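Next up, some structures in structure tokens.
First chain A sits with chain B, and in the next complex the same chain sits with chain C.
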Partner chain A sequence: MDFGPHLLLASLEGAVAAAILALTAIGLSIVFGVMRVVNVAHGEFYMIGAVIAWWVASIVGTHPALGFVAALVVAPLIVGMLAATADKFILQKIDYDPDRTIVATIGLLYIIQQITLMTFGPEARPVQPPFNTRLALPWFEFGENGFEMYWPWGLSITSYKLFVIFAAIAIMLALWMLMTRTKIGLIMRATQQDSDMAKAFGIPVNRVYSWVFGLGAGLAAAGAVLVVPMQQAHYLMGHDPLLLSFIVVIIGGLGSLPGTVIAAILIGMSDGIISVFFSPTLAKIIATLVVAMVLVFRPNGLMGRSN
Partner chain B sequence: MLEINNIHVAYGRVKTLYGVSLHAKAGEILCLLGRNGAGKTTIMKSIMGLLPISEGDISLDGQTISNFPTHEIPRRRIGYIPQGRRLFPELTVAENIEIGLMTCKEDHHTRDWVLDIFPILGERLDQLAMTLSGGEQQMLATARALCLRPRVLLLDEPTEGLQPSMIEQIRQVIIRMKEEGVAIILVEQRVDAILSIADQVVFIENGRNLETMDADTLRANPEILTHHLGV
Partner chain C sequence: MKNFDLTKSTLTRRKVLKTLGAGVAAASILPRLGGIAHAATSEPIRIGFQAHRTGIGAAYGRWYSRATSAAVTRINDMGGINGREVEIITEDDGTDPKRGAEVIEKFAKQHEVDVAFGTLYSHVVYGSAPRAGELKLPYFVVSEGHHVASGKLNRYTLQPGITDVKSQVQAMAPFVADNLGKKVTMIFPDFAFGHDHRDFFTAAIEAQGGEVVESIAIPPTETSFTKYFPRIPRETEVIYHVMVGPAVLTFVKELGEFFGPNRPELFGFIDSLEAVDFASPGLEFLEGSYFWEGMARYAQADQTDIDKTYRAAVGVDNNGASISDSRDVATFSHMFGCWETLNIIKRGMETCGYQGPADRQSLIEAVEAMSDMPYSLDHPQGAKRFNGKTHQTFGHQYISQVIDGKLVVKHKTSIEDGLYEDEVDYTKQSF
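Up next is the complex of A and B:
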């Protein structure tokens, strides 16, 4: 395949990675932005989302699309409730102390991971995509007869991957609407800006924190449900999304949702392209180098503000 | 109406209040005076439940409120205008007002009422709070607190950094609230601006009540101010 079509193919793979990463990283970012909690267990909420997706899909089982839709609704809900419960019984008890929340969420990471290993087992398990038609893509070149269109061999994407991109965009738009157009979003933004004043105006901040922690975990789970038809559910699958989410959140600016989306597109696309042309390991090395550069030259990230 | 009985408060291990007692009555302005660091702002924060009380209690109409979670205090219609305004800077004027209205049942009517008191805010509804001038920010902080339709209003240095015309406007609002029967506790460095409207004055020093007197007595004997505050 020529370089041009090959680059388009890599970019599409990158766009799929960016879409999943944006969803997962926004969950981490929203938790840090509103609660100032560094949630080290975020990757495990992603993993649990994938495992629940497999479980729901295998129970419903009649048609892949039915199982997938059920998983897309049920998995984020269950994971969100699990996270909200963890917030109530763990993070609230330690008064959201920054140091202790890191230790507590590390503990949560291992508890979730080991319980999953004991119950779900060590095997990787697949979830069938609801649809998976391969769509050939055209390429345009300026040749002897002017502008020509042809169909390079191998330049294609599955309909499911396109769906993932659009589904992630739809979920992010819904989140944006929630944050900017609803009373719940207003309460979350006020709590983020000054939690003491939010309390002084009748906002039950601890309840808001539980909802936000649940929402963050639910977004990670939604990302996992979208990814699991392309990448099997496994009890150790939370590591990479956690690392990449931290990279994205730091580059985008801690707590900045637009910054997180921009950084997710940058890192996801570069990860996809470098993985296709070189290797996934090199992609991770470059992403980590970018974080180091950002921390040196722009410590608050692309769109973060100094406190 | 609002009674503070012998409260002791600490910031971590540093104790700042040692048995302060106050009584704010409906339709009266109780003014807290004292040097910087005397504990006036700590008293305000303690009433709002933002600082835990280790001894003593605070009650509203005989019901103890000092054991309530902080977010329950404004639901008892206690409005707070903190020192430095503490607006939600990245929310618009309309959103800051909406936060104030969240605990109020008749919110549409109340919104019109506060915008009638501060008409300039009606022209700035879509503007971010952080982009307002100092005076407009103070108006917004006051409007946000009035959205609770307060029975008790706590004002912590409401004239700080304001020009004289703005100070007069805030003063008029305080007088209006007093006339409507609101119990007002006021902390103010600019004694000249508020002494004429105060009913009761409590001098606070080193976290303790130093002296309580009628404002009339203080107006008749201004040397007391020099004696307690050095002004």
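Up next is the complex of A and C:
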């Protein structure tokens, strides 16, 4: 494949990866920002989202679009409630002690994973995309006959992948509106800035924590519902998103939403492009190296503020 | 009063025993009871089953377990081994080489099994076999890898139930070159099993006057694949794909999306779609493409009684899915290896009159002495020829075409197609 079309294909693949990554990482970032909790089980909420999407789609099962839309509504809700329950009965009981929350969420990770293996099973299960047209893309070049358009072999994207990019942007815009334009957002930001003061002003901080934990998990689940028609629901699928989300959140600055989005685009795109032109292993090496550099030179991340 | 009763009951028991002992019929009606009663010890024969319960091989592990328990039920119904019941002790290896070696150790020291058996993924075999050799525990693998016949393992590791990749690939190459094309791009997982495919197929297709124009290795944990496909050269006539792990369906789907309507010929190893339903959305483009199968997933028009009986025993329907859940698709091209290996262990133990761990060496010698194994319910995949020197078996392979979303067998290779020169003589190694 020529360099130009090849680069375009790599960028498109990278953009899809970045969109999903941004949703997942923002969930992790919000939970840390507001609650100061490092949620190691975040990847498992993502995985459950995918599994529930499969389950809902196979129950509804009339038209793929119907099943998909139902999954997009139901999966984040169920996962959010599950996470809120976990917060109430586990994290609140250990008083959000940083060390213990890490251990507790690691425990949660294994419990969720093994329960899924025992019930859902070890197979990877597909969900049918609501629509999936292959769109061949043209490329331009200056040849002997001047400006020419041609259709390179393999240069294409599917309508569903484009939809994923736009859906992720829409969800993130909605989240931004929620955080900056509504009372819920105000309460969340107040809790983030000073939870003791918020409590003094009558904000039910514990309930806010449960909601935030649920919201973070729900965002991961939404990302998973978007991904599951492209990849399949599988009980081990939470591992990679967790790792990448941590990388993104560290680069972007823990708790900073714009930083998280920028870092997600950076990591998603570079992963797509580097792994196409060089090797996927090199892409991972570079991502890890960037984390190390950020930690050395900007310990609070690109957009993080020092305390 | 008490004494009288006892005498009476003893007499009755004696009578019953007499009647039982007199009639040969009784022994055949109750073969299991008869057999076990004659054994020197009634302790069960314990077989350690190293299973991929968790990790990326879990779908294989689930079906390996089902085939194993079906085979053991059948063996026990026929009277066990040397009159002793067979007991399976399952341990999860997590599809992880380090854990695999620990499981072998556990089998030998904690469970004190007679032999160890199981496992598919080649890196787990590589991790476990040296420990089995050190512990002098016979280790029967069902893995397909060329590691056994390559001479890299040891006298205690055998693969009598499934053909290795080198043989499969060599038997298949002439069909690819004659019917599909001579310029091949290979896509395979980046570990021992994939490298076996790369090395042996490259040699085999060159022997047929073809060439491999590009080899694309993909990390086994990869989840998205489109980014690798631009490396496929335009001159490619055939894509040879063999992927494993949970993301196989994504791989095949994205391959279809990448090419759109004008794809080159596709020749895949069924590993790319083991445990995956051919009716899954996005797989329509596979129509007309070819697959290697170890054993035909779909019951063919000329289905034999042996195939019927085997499917019923392992709980697989005519479409290769579980009888109880049509979406639970079997790893049909590999799991027969467990069934056949257990029957070979049985035959080996019977030949050498296996009594306990002291007879492990004679068991290995008994299996090494085996050669031709005819097509039967003991070997439902087809006839086999075992090579005692290389500890590797050779069997028939099947090439199937996707027609109306189902695999139809188009070509069956002969055992001779897959034979190659010995690379090792394990029988010369000391125990």
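Some observations on this one:
Here is the rule we use: the second predicted complex is superposed on the first by the 301 of 307 C-alpha atoms of A that agree within 3 Å, B and C clash if a C-alpha of one lies under 4 Å from a C-alpha of the other, contacts with A are read in each partner's own complex, and residues count from 1 in each chain.
Rule of thumb we're sticking to: a residue touches a chain if its C-beta (ideal position, glycine included) is under 8 Å from a C-beta of that chain, and two chains touch if they have at least 3 such contacts.
Computed from a predicted structure; not experimentally measured.
After superposition on chain A, the partners chain B and chain C are seen to fit next to each other with no clash. When the two structures are aligned on the shared chain, A:F3 is found in touch with neither chain B nor chain C. Using the contact criterion defined above for the overlaid structures, shared-chain residue A:F89 touches neither chain B nor chain C, since it reaches no partner.
Judged by the touch definition given at the top, the superposed model places A:G202 against chain B, while chain C stays out of reach.
Using the contact criterion defined above for the overlaid structures, shared-chain residue A:D194 touches chain B, although it does not reach chain C. Looking at the shared chain after the overlay, A:F297 reaches neither chain B nor chain C. Contacts of A:L186 after superposition on the shared chain: chain B is touched, whereas chain C is not. Once the two structures are overlaid on chain A, chain A sits at the apex of an angle of 140° toward chain B and chain C, using CA centres and rounding to a multiple of 10. When both complexes are overlaid on chain A, the residue A:G272 reaches chain C alone and has no touch with chain B. Comparing chain C and chain B on the residues of chain A they touch gives the larger count to C. In the superposed model, A:F147 makes contact with neither chain B nor chain C. Taking all C-alpha atoms of chain B against all those of chain C in the superposed arrangement, the shortest distance found is 40 Å. Shared interface residues of chain A (contacting chain B in one complex, chain C in the other): none.
By the touch rule above, chain A contacts chain B in their complex via residues 183, 186-187, 189-190, 193-194, 196-205. Chain contact summary for the complex, chain A toward chain C: residues 1, 6, 9-10, 13, 17, 64, 117, 121-126, 128-129, 132, 134, 136, 153-154, 156, 158, 230-232, 234-237, 240, 272, 275-276, 280-281. The touching residues of chain C, when paired with chain A in their complex, are 54-56, 58-59, 61-62, 219, 221-224, 226-232, 234, 246-250, 253, 257-260, 275-276, 280-282, 327-329.
Residues 48-50, 69-75, 80, 82, 86, 88-91, 95, 98-100, 102-103, 144, 148 of chain B are the ones touching chain A in the complex.
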